[in-house]
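You will see two complexes here that share subunit A, one where it goes with subunit B and one where it goes with subunit C.
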Partner chain A sequence: MYLPDFEYFNPDSVEEACQLLLKYGSKAKAIAGGTDVLVKMKKELLAPEVIVGIGQLSQLKKIEYVPGKGVVIGSGVTHNEVQNSKVLQEKYLSVSEAAHQMANNQVRNLGTIGGNISNAVPSADMPPILIALDTTAKIVGAKGERTLPLEDVFAGPNETVLEHDELITEFVIPDGSFTGSTYMKFGLRASGALAVVGVAASVQMEDGVIKDARIVLGAVSPVPVRAKKAEDFLKGKPAGEEIFAEAGVIASGECKPISDIRASAEYRKDMVRVFTKRALNKAANEGHV
Partner chain B sequence: MSKEVSYLNMNKQYSYVGKSLKRTDILDKVTGRGKYIDDLKFSNMLYGKLIRSTEAHARIINIDTSEAEKLPGVKAIITAKDVPSIKYGLSPARYDENIFCTDTVKFYGDKIGAICAVDEETVYKALKLIKVEYEVLPAVFTPAEAAKEDAPQIFEEFPGNVNTEIHLEFGDIEKAKQEAYYVRTDRLVGQRTLHGFIEPHCAIAYWEGKRVHIHSSHQSVHYLQHHIARIFDMKEGDVRVTLPYVGGGFGGKVDISGVDISAVALSKITGQPVKMFFDLEEVWLNGRGRHGMDMTYTTGVTKEGKILFVESETILDGGAYSGLGVATSYYAGSLLNVLYDFDNYRFDAYRYVTNLPPCGAQRGHGQPHPRYAFESHLDHIAEDLGMDPIDLRLVNARKANTVTPNGYEVKSYYLTEANELARDASGWKDKKGKLPVGRGIGVGNGGFVTGAGFCMYRTDLPHSIGMIKVYDDGTHAIVYSQAVDIGQGSDTVLTQMAAEAMGFPYEDITICTRDTDLATLDFGAYASRQTLMAGWAVKRAGEDIKKKILIQAAEMLKVKEDGGYRSGKLMPEELDCKEGLVFVKQEPGVNITFAEVARAYFVKHGVLVGRGYYHPGKLGGKHKGAAVGTSPAYSSATQIAEVEVDMETGVTKVVGTWDVHDSGCVVNPQLLHGQVHGAFSMGIGETIWEKVTFDEKGKLLNGNFAEYRMPTALDMPHVDSLVLDTFEPNGPWGVKEVGEGATTPTLGCVANAVYDAIGVRVAELPLTPEKIWRGLKEAREAKEKEGK
Partner chain C sequence: MANFVVDKNGIKRYLVTIKVNGNEYTKMVKANSLLVNFLREDLDITGTKKACEQGDCGACTVLLDGKPVNSCMVLTLSVDGREVTTVEGLASNAKLDIIQEKFIEHSAPQCGFCAPGILMAAKALLMNNPHPTELEVREAIAGNLCRCTGYVHYVEAILDAADSQ
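Our next item is the complex of A and B:
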């Protein structure tokens, strides 16, 4: 319950941060809000000798709409900033709402969207909705930069494909054709509970017919996964409760959750069914909510 | 939303009693100026922690402290060999806890030793260097495992791992069985829960010559003083206990937690003040929360629902040591007869020791689980009889001025009125049986003792002593009492009472509590005792002052008589004193300030002191265990909850709650409503979410507020707190308790509401979404099978 000693760097730019990460290699850890890293350090699950602070970098703090590109969200934006962003509330209220459902006010005030993604916890709340909206992540390293679909950033529980000197600088939700999206978090109390199951859905509706859909499941596999069979099943079908219920059953069959202190695998599977159905209904009928 | 319905306590003309006056501690607490134990600092203070077992049941082969001792800054490390070999506990019949484990550790987290160093960081580093070698022994984690014939024996003194066994029988069960129209048996299970206060245990001790001064976070300065003196073979007068503000207790700070003993021992060795503190997880390891209970009730009733007999068996998961568990075991059965009036009752209980943290008292001591089980059982009986559940309770509710078969004298008791008012306020008649699937309403009854009739250890001491001192110039008064305000507001209530009794302004009184040197004896905050017991002592001290003031004033006031004046001839009985003014009752215009009179008294006699004494007298019957549950007064309460259950996910949302309390005269309505709100939060949490959980090796899994889920503000429903302003002849101004009793009906009413909503009884707490989901699924599958 005591923070071990470490050296702290406060770089002025992403480039400098990457250089520091390169220099200190596996001894170093980047820290944005610190709501994951500091907790782990106190529990002695992590003992970096060097900490590189990136939470103060103004480069990473923007949320803006760039015509032709989409909504750009800097990785250093806090959950409360995501929640309160006018741009997001207008374009993708579903993303703001997902941030609002996280943790508690104190943690939302510190924790960042970049930290939430990079921490790569299976129950994390931001990945499903962002993946459902085809979000990409811009990754900058000491040797250059690359852009990946967010879906491909996750490698396993607590693992991403990022190299040691790489940081995510921004997320882009591209201008797309989705007409509605939502994230439904199922936690075991109203606030301050991790997701037992999280389901994000996005749909492209045209005259009552589902042209395209994404269903992304959180907390039921090592990384956030798409229920692709259920997505395929929906394409071209008329929207309706029965269709969505059927998609729920298919999605439930696709996931392979584990049992833990919070819930059994059996229960999680059935909750995937319930929340897939509900999320699709909501996204189809209410837009981005 | 809160209302008072005053129809039982008619004569209310008080200046301070009965008013929601501002709490005495409010400014300190909202500004952060108030000091809690963690805020206290002393020069040269050392920091210490307990060394805890990492096995659930094991023999200690060796404790190697050599590496830790070499670490710069480490000042002392102690184990069993360095401390008195005396055993302690809270029930003198079962002192079974060693200061540090001598031979075997009995649960994961058991105390092996203590260490102190110059700062916290060094202590944590040193802890990691201590190596304990164990021979691991087979362990038991449930009463069922503990009861097996070949189960490992955890204590020599508890053969079969049975720590407490109770067999009580009143009336003639066999005869009642013959007469019963309907008999039903139900079995329900209540889980292990924890108090959930936010301030972990902590103690600071230092020696001043032969005396030791302990600052702690505790519920009783007296018990802590008594046990420290006993353990260290000292005179009680050589042990001073002082508490700063206490951040909650709920029963979890009555026991000796180990921070206290080890701070005393380590400061003796080092000659420096030593602060011993828990991390949050250690609060769970220290335990002393609610026992897990497995309860079976068989009840026979007449056609009209009158209870003829109850047979019950309760199995308690005690954890490693006794603590207050003997009393818990008795409490689990003893108060059922207070609530419901029936003559034939059998209560059997077995408290097993297991290799888990010890259980003890938690708000409502031993009551909430049995209340949950019996209130659920009653709802099934009502259903089977085709009766409204509230009607069934009205048929059986105890009345005032009766005596229970187990020997408790019940004076004021208005459970009938509580049921009726709760029923009407909640709109019960329009809801019960008429709500759509997934929505339900449920009722639960409860109540509690207002202070225990006996001290926890055997003594002839009075239960509370009050003292009030008036300042030399008469402008201010100090109230002394060792009553412990753990947040519930006893300082405020006692100050209101002193002001009322003296006839002196509330805002000109300071209260001095929580200090064995400065304040006068009170046993502390447990068994919902302070408002009545410390209240009597303070009231009598205040009346003593007033008596002296009126005598003095009689010499000073002049009344016009037959055109002339008479002086000094007034009799004290002709005077009264209120709100700082002494006046002639017949002629209130003739008056003088309290301060002037008090100053005159001081000039003539010296310090103006009032003294008050309280002892409840001899209470209760003669059978074994008769003492537990005796009390000068019993509160009663009815709660109703309305819930919405998501039939697909099993998620329960409590959408409305009503509480009607028969608490006697309510000294401070705001504080009562606070207790009721808190009780709902605690009770709803225990019904739906909370459970202390361990892995298969007895290691704690959820020692934090993220995974031990208590309700947040967002989970809380609207609370409608209603008061029956009743009068209790055994209480000062007619008061009774509210603190603990308020939690006792909650589990039952919420569980009954869930049953009403879904039509399936999930018979084991907590009613988590998954359990409800599974219950619904199994019911559906059973129905499908039947259909085929």
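Our next item is the complex of A and C:
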């Protein structure tokens, strides 16, 4: 398979990249790891006339802890860099484990966290855990910058609220009160399978009582969604298997999945019930795992 | 950005220098050149195979700056100035790599089409983790599909290679 001809730019900075995206408008496409864009081009689903390569920008390659701010993850870090980051393993092992559960080693060396988010595929593995930890996205465009809760970045399947000249530069997981979090991916094979459902949970525990909780579901709606009724139900309750099982039933009731090649809607709903319960249990008992 | 010339159809051809198996190659490529095709067609280094061409099968696995990647999903331009190792780079002075030796000893490949990719995935694993567990071996080659063998001999051969280094 060969790619059609296109013009390629290799900007030296995010600012230059945004200017190029502004100039070429809908003819242009940014490419980070290329694991999504290049495959779509081969399948003739995309045919950009201009490609702006942002994968090598060192500006986007950091993972660091900034006291008072939180853990900052550059959008250009690869999944394997997320998986192997000492900072994340120490503070949010749950995030590095979510990256570990993606694709396979070769793809994880290419694909980036920014690409995974911006692609906005409903079954993507990074959005649920990041939303569960209250992550924000810094967005830079030709005319300025803005910061949004990650939750508000998604607009629909394969759609974000980003303007054509905008790029995500970094994600910030704020210092917060969550005492535990986890992402559980349920796919049809142990490796390389997209999620049938993906459930992330985060909890704030105090003396065995759930002060706060977040449940974020992937692959069951056009965008990653929070199971807010189940979250509300949990607040103020003592942690325990039965409570978590009940939260699973509520979450299952409030999600509206579709049937597709990977699973029926009914099956997805039932898996949401099971994995919500398991994820809450893990987050409450084991910390950020 | 690499220097380029514009051909008679108005298409740019860029000058790239890439180190492959220790040798530096300088070539003109179009923006749409993929690393796997660059290796096979421009350099005639054909050990790296193509099968799915969508990142699923791992037949095209090479090491890019020491890390395994699917060369069917890498633009040649993004590799300018970097270092690539293919299956041809494993043996030195006509002496096979220990993993190659063990693949032969264990009759690990059958048709062999997946073998170059699995060798590179295994090489990357043993460079970082000389004594992997069986699970770690299985995970390291999870991105490599083999339609012949069922993987068992591959896993055994890689574990044996680790024990014999």
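As a convention for this text, the second predicted complex is superposed on the first by the 288 of 289 C-alpha atoms of A that agree within 3 Å, B and C clash if a C-alpha of one lies under 4 Å from a C-alpha of the other, contacts with A are read in each partner's own complex, and residues count from 1 in each chain.
Keep in mind that, in the parts below, contacts are C-beta pairs under 8 Å (C-beta built on N, C-alpha and C of every residue); 3 or more make two chains touch, one makes a residue touch a chain.
This one's a predicted model, so the numbers in the text were calculated from it and none came from an experiment.
Engineer: Identify the partner contact of A:51: answer first if only subunit B is touched, second if only subunit C is, both if each is, neither if none is.
Structural biologist: second
Engineer: I'd like to know which partner A:192 touches here: subunit B for first, subunit C for second, both or neither.
Structural biologist: Both partners, subunit B and subunit C.
Engineer: Pick one for A:2: touches subunit B only (first), subunit C only (second), both, or neither.
Structural biologist: both
Engineer: After the superposition on A, what does A:13 contact: first (subunit B), second (subunit C), both or neither?
Structural biologist: So A:13 meets neither subunit B nor subunit C here.
Engineer: In the superposed model, which partner reaches more residues of subunit A, subunit B or subunit C?
Structural biologist: Looking at subunit A, the partner in contact with more of its residues is C.
Engineer: Please work out whether A:259 is in contact with subunit B alone, subunit C alone, both, or neither, and reply first, second, both or neither.
Structural biologist: Once the two structures are laid over each other on A, A:259 reaches no partner at all.
Engineer: Between subunit B (first) and subunit C (second), which, if any, makes contact with A:147: first, second, both or neither?
Structural biologist: neither
Engineer: Once the structures are superposed on A, label A:271 by its partner contacts, choosing first (subunit B), second (subunit C), both or neither.
Structural biologist: first
Engineer: Would you check which partner chain A:109 touches, where first means subunit B only, second means subunit C only, and both and neither mean what they say?
Structural biologist: The answer is second: A:109 touches subunit C but not subunit B.
Engineer: Looking at subunit A, which of its residues have contacts with both subunit B and subunit C?
Structural biologist: On subunit A, the residues that contact subunit B in one structure and subunit C in the other are 1-2, 104, 190-192.
Engineer: Can you list the subunit C residues touching subunit A in their complex?
Structural biologist: Counting only subunit C, the residues touching subunit A are 1-2, 11-12, 14, 30-32, 34, 37, 53-56, 58, 61, 64, 67-70, 72-75, 77-78, 121, 124, 139-140, 142-143.
Engineer: Which subunit A residues qualify as touching subunit C in the complex?
Structural biologist: Contacts found on subunit A: 1-10, 31, 33-35, 38-39, 42-43, 51, 53, 55-56, 80, 103-107, 109-110, 190-192.
Engineer: Inside the complex, what are the residues of subunit A that reach subunit B?
Structural biologist: For subunit A paired with subunit B, touching residues are 1-2, 104, 186, 188-194, 261-264, 267, 270-271, 274.
Engineer: Mind pulling up the subunit B residues that touch subunit A in the complex?
Structural biologist: Subunit B residues touching subunit A: 120-121, 124-125, 279, 648-649, 689, 693, 701-702, 705-707, 709, 711-715, 768-770, 773-774.
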